[in-house]
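Below are two complexes that have chain A in common, paired first with chain B and then with chain C.
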Partner chain A sequence: MSRLEFPEATRVRHGAKAPVIALAGGALLLVSGLLSWSYDDRILGDISIRFYPAGIQVYAMVLGAVAIVLGVLLLRRPPWLDPGRGLRMLGVGSLVVVVVALVAIAAQTGGLINANEGVWIALVGALAVAVSGRLTPAVEVDVRTWPRLSSTVEILLIAALMAVVLFVTAYTLGLDDAGTFGCLLATLITLVVAAAAAGLGDYVGFIGANNRRVLILAAFVVAFLFPFTQNGSSANMSIATQILIFAGTALGLNIVVGLAGLLDLGYIAFLGTGAYVGAMLSQSAFATVGWKPPFVIVMLCGMTVAAIFGLIIGSPTLRVSGDYLAIVTLGFGEIFRLAMFNLDGNNGPDLTNGPNGIPGIPDLNFFGFDFGETHTLLGVPLDKFSNYYFLLLAFLAFVILVFVRLNNSRLGRGWVAIREDERAAEAMGVNTFGLKLLAFAVGASLAGLAGTIKAHVDTSVTPDQYIFLESAFLLAAVVLGGMGTVTGVLVGATILKLLPEKLRQVNEYRLLAFGLLLVLMMRFRPEGLVPSKRRQLEFHQQDEALSDLAEAEHLQEAK
Partner chain B sequence: MTVTENAQGAHEVGEKVILEASNVTMRFGGLTAVADVSMQVHDGEIVGLIGPNGAGKTTFFNCLTGMYIPTEGRVTLNGEELPPKPLKVVQAGMARTFQNIRLFANMTALENVMVGRYCRTTSKALTSVLRGPKFRREEDATISRARELLEYVGLGDSAEHLARNLPYGDQRRLEIARALATDPYVLLLDEPTAGMNPRETEETMNLIFKIREGGLAVVVIEHDMRFIFNLCDRVLCLVRGEVLVEGTPSEVQSDHRVIEAYIGGDDETEEDE
Partner chain C sequence: MDAFAQQLVNGLTLGSLYALIAVGYTVVYGIIQLINFAHGEIFMIGAFGALSTWLVFFQGNTALWTLPIMIAGAVGASVLTAVGMERFAYRPLRNAPRLAPLITAIGISVFLQEAVRLFYGDIPGFPDAKQKVPFPQIDVVTGPAFNVAGVTIQRSTIFTVGALIICAAALFYFVSRTRTGRAMQAVSQDPDTARLMGINVDRIIVVAFVIGATLAAIAGVAQGLQVTNINFKMGFLAGLKAFTAAVLGGIGNIWGAVVGGLTLGIVESMAVQFVPGTFGGSPWKDVWAFAILILVLVFRPQGILGAKVVDRA
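And now, the complex of A and B:
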């Protein structure tokens, strides 16, 4: 961290000025939001009018307000927070936001001359915040002095947090301007990182751990309410359904990779298996199987067939491990795709219609409830994708339930033991081969279940949906979010599915950005965005404060 | 009943043979690491295994526990032949610790011991997801048994600490607790006091006596001679894969061949794990 700070002597000498500079910087950011940022009123929303903040001006004001809060905290110095670190991150982030805005103004209007006084004041403010953060001496955060709130207050806090999440999500998805979207993204990341750096993240995690059930319930309520904010528009709901499918599948993969530590690079094949089963047993005119069972049966079939595939692949390949396993599973993924490509009647039985796939899969119909039609609930129209969204939400809840309960059981402990030291696990009586096979089968069946629903959401199933790149993306979601955790994988899956959709203007650089993101992650946060404490320790072995924190939380949970 | 003398005073060793290794030989290519070793362990007996580095002690342990498949010979536990699979060996009732500690470093002490209960519990995937009363009962029993064992080895206060953060001596004791969690008849300890200070060694010795009082037979590999001769009822000295001397501590202690093997044995190879 020393690279981010001034020399110790400077910090001690000028440390007292830090809060004042922070407050001034925050005030400048606040004021800048009220001023004009550009002469041109056609870019980044309309940021040319004074005393009428819009888009990025509001973000600057939010950043300023947070800087002022942190500045005040810096004056009061609670022992469980490190506002200096928070200010440092906030300052750097604010600088990024303002610079991005400047670049966008210059690029879209033809020169820096079009930037007005507001953006320059914001730049000075952001700089001041960054300097104040760098001036504060390092603080030892004492997690034992976390303020204890009454449970009602804690629950209200969670509810408020969730409401903010819902509002921000709906707002973010409503944006269609890439420049503003980029600034918002930078703002949100800055706020989250600054809060985490100041020690608020751990505290919120602590409150969350105290009210686990409330937190989970609140998260699901927010997810459930999301379609009601979209007012029948299907653009975002379509993305949301894809995110849910992706997240559910990634959670299945998380059992295999995150818990049991088996690297599977062909996991998409199991999603494909489920999708093909769903398509073949559907009412589609192109379905190759005559049997048309109700969808519940189809789901069970999809799970079973995928699980059987998992066992077939697992029983010979699980004798190898590490890199070898990765290569074998990668091969299996390709075999699956090519087999689906070729089972067209010319080279074997006609099961999949070859490269044409199975199109025209009709919408689901549960007891007369047609998923394809728009239904109106409480005056809000809910379109096809919203209907599937609710179904997929139930599916995701099921996957999370399976994941969490398996993780906290004899089997989950066995998996983690295998990941930690396979030989020792076996010598302690853990049935390593059987457990690894079980991980494969359970993971595969969850992906298969996702596939049967996906077939209906997409209305067609073709082999080219199940290429290696998709397996890589699933694995990236797990690694990016944090192996072995639920929240992390949900976050990772959302980011990986949402960003490409929202950044369509820079579509050709999508994979480049993705690669860059992964490299940066591996450099700065190898344990993932929302890591399990175990993983975090693996990557930061020397960090004693971290071990203490992990132990403090374990002790807290035990009480 | 044979009566033996050791630091704890007189102790009765049962007549019944619990563990029997007959003519175990282990060859790695041209190298014979263990040559025709036979050993009997009786009910409630503490047997010591000594020998210079590379004598094949750990290899012999690996043969007993199924981690290696012996080239020749057989191992029986309670009269039944043990298949050379670690899993089956644990299920049959023989558990071990490792010379270089092999705990699940990123799991808590409690979780480590709970993993040891794995082979004595039966919850399947479906019951784990459904969480019926049977699952809860078994889980509660696992937790309370694991806590009990942590208390037993003196780690009651460290249950929620990560195994990696425990002091060295505690890690060795946690390994013993984890092995005990598999409900063994025989406990194999591979250098349980390596790296310990005299006080910790003393504590470990008392712990092993306590384990024996609980009805288990114990086999110990150790280089600390005072520890071995105070602890064991019977000692085997292995040199170059063969049993050189077998007898009571006092017999082995005074045997000139043992002394020669240790002092004059500078042509040993470093094969031991």
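And now, the complex of A and C:
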């Protein structure tokens, strides 16, 4: 962070000019949006027309507006905010957005000559914002002066925030142009990071903690409304169902890894178990088991079988721990995949049709409600994937409920105790082996449940869907988002599933980027994007401000 | 009896390969208790390094004298990768919680595989590495197999086993007779005291990575000669098996890695031949290898030869 700032002397001497520079930079960004960015009207949408902002020009204007707000806040700084830090992040992010746009223009139209005045003004504006951020002197942030709003206002704030989230999500997913999508993504990341750096993120978290139920309800309402913004198009809904399955499974893994601290590298096997149980007991002509029970029974079977596997895989935890346990679970995961690959009748009993898997799994049918058909509700057509989306949303709600209830229970505290220090936990009377087994069983059964639904969404189950890399992806979702938190895992799962789908042009490089991302995350932000404060403290023990913040939040929770 | 002898030879071949890779896991683990999960990729990069050297200097020439230079190229590529990985990914995490290096290792592993898959073919003159790439078949070390009393012995088998013997001897000399080797022993016993005695621990850690990478590179060449082709995925399974071998022998113990590698190779070959019924045969051999890994970790985590007491969270 310190490398982003000017020397202390410069900052003290010129610090007073920072707000003015910020306001000027913001104004330039605002104006640039109204001007033409390129002679060519075929790139990044159409950004060649003056006084008609489109795509990236709008983003530049939003960035400018935020810069102006932060500049004003810098002039009259509330003690709980640090607009300077926010401006710093905003400036760097805006520069990235503008430079990316510039490069895109240059690359796609054959030279910088095609860049118009707008983009250059935006560049100057972004530079000014960055400079202003770096000029502001360091300030003390006092989180105890957070303004208390009436609960009605707070709830309205949450509702407004959620409405923005819904709108932005629908808008983002509606973009087809990968370049514009990339710029929007950079803009959104910039805005979120800048808000968090300025201290707004913590405040929103504080309001959220005050109105936990409202927040959760609002989040689910937004998620519920999402299919209605898609107008029956299945492209995004199919991605959304995959995200929900992935997020639900990752949350199950989060119980094992995030709460109990047991690293599981073969977790995808449980999802696979559920999927195979779902496929084998389905109406598919290729199902290898004659019994075709109703889906509720199938779900229970999937959960039970996965839980039994979880118990088997968990049993070595009595004797091994740490890295060794990770390798044991990895071994089990590989054995699962190989077994599914081999059980084709030639090598052992015919259970899975070997590498071909079980195709042709029919859609679900609840009491005459066919999930495969398009239903119309309130004039909006809801296709197959929307139907599954609602089912999966209910599933995710169930998983979150299980996770939160466990986290706040005697069991959850036992797990955290085991994670922190197993010997001390045992000395305090925690049944460590029983709890560790339970963590594996609960996590596995949730993944198994997800698997039974996944079998019907995908309509086929094959062994190559359950390779080690998928386990690594699940783990990455947990680590990326923040271990032990619900929001973090949801964010992580969404990022990992959504980005490759939307950035088709760079899809070839997604694994490369994934590997690099894991390394960089561990290096620079090992606690994840949305960490729990306690977890964050474990990684940054010397950070006193953080410790204060954790304490403030803890007090708030205790009230 | 013939079948048994044949499987013994096959097992020794496989086992020598595992042993060469396993040394890398065990040396690094013995010094900093880090499971270098990306070690399999070092092995893969070694094979590609050898291939690249051959393509650049000797394309079409399969004379025996090109082999040492290929091996040198392989070792160069592997060592460079391993040292870079240690310097930029693992060293900053030296005091981080245990989960962090493991996840970093998974990241590096995926990254290296993808880097080879995507970019190897972009280098002028090099083949596309998205599928299997043929590996040069060098004279003398490949070619018609020998037949000794009804047992077929491939020439590459002799190369692999010979490489293991030479490497093991060199390693023995290095660890027990040289200053650096003794410093390594000291660091693995007690890093803090070793530092007080004037040993540069950071340097020793790099040396450990270099040793592992060298042996893995030689294994990569051996694998190329044996299988006649290489691919970007070859490191994953080989690395996992070699790790099993290291654990089997007692991780942290160099001789344990050799013993464990040979044991695992022989057990795997025997399982193919002698496990009766539908669960026998080559489709299940990997399953048996992993089953052994799990059983060893559960019932004798210190391995066959035994090593430090395993209790790390």
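General observations
By definition in this document, the second predicted complex is superposed on the first by the 557 of 559 C-alpha atoms of A that agree within 3 Å, B and C clash if a C-alpha of one lies under 4 Å from a C-alpha of the other, contacts with A are read in each partner's own complex, and residues count from 1 in each chain.
In this section, contacts are C-beta pairs under 8 Å (C-beta built on N, C-alpha and C of every residue); 3 or more make two chains touch, one makes a residue touch a chain.
Remember, it's a predicted structure, so these values are computed and weren't measured experimentally.
Model built by superposing both complexes on chain A: chain B and chain C fit together without a clash. By the touch criterion stated above, A:Ala477 is placed in contact with neither chain B nor chain C. Once chain A of one complex is fitted onto chain A of the other, the partner contacts of A:Val305 are absent, as it touches neither chain B nor chain C. Touch criterion met: A:Arg319 reaches chain C, while chain B stays clear of it. Of the two partner chains, chain B is the only one that A:Leu411 touches; chain C does not reach it. In the superposition on chain A, A:Met89 makes contact with neither chain B nor chain C.
Of the two partner chains placed by superposition, only chain B is touched by A:Leu438; chain C is not.
Of the two partner chains placed by superposition, only chain C is touched by A:Phe468; chain B is not. Chain centres taken from Cα atoms put the angle at chain A, between chain B and chain C, at 70 degrees to the nearest 10.
In the superposed pair of complexes, A:Ala339 makes contact with chain C only, with no contact to chain B. In the overlay built on the shared chain, the residue A:Leu401 is in contact with chain B alone; chain C does not reach it. Put chain B and chain C next to each other and count what each touches on chain A; the higher total goes to C.
After superposing the two complexes on their shared chain, the closest approach between C-alpha atoms of chain B and chain C is 14 Å. Common to the chain B and chain C interfaces on chain A are residues 538.
Within the complex formed with chain C, the residues of chain A that make contact are 261, 263, 316, 319-324, 326-328, 330-332, 334-335, 338-339, 341-342, 346-349, 422, 468-469, 472, 475-476, 479, 508-509, 511-512, 514-519, 521-523, 526, 538-539.
Chain B contributes residues 65, 67, 86-87, 90-91, 95-96, 98, 102-108, 111, 114-121, 123-125, 128-129, 131, 135, 138-139, 142, 159-162, 164-165, 178-179, 181-182 to its touches with chain A in the complex. By the touch criterion given at the top, residues 401-402, 405-406, 409-414, 416-417, 420-421, 423-432, 438, 442, 534-535, 537-538, 547, 550-551, 554-555, 557-558 of chain A touch chain B in their complex.
Within the complex formed with chain A, the residues of chain C that make contact are 35, 89, 92-93, 96-104, 106-115, 118, 236, 240, 243-244, 247, 278-279, 281, 283-284, 286-287, 290-291, 293-294, 297-299, 301, 310-313.
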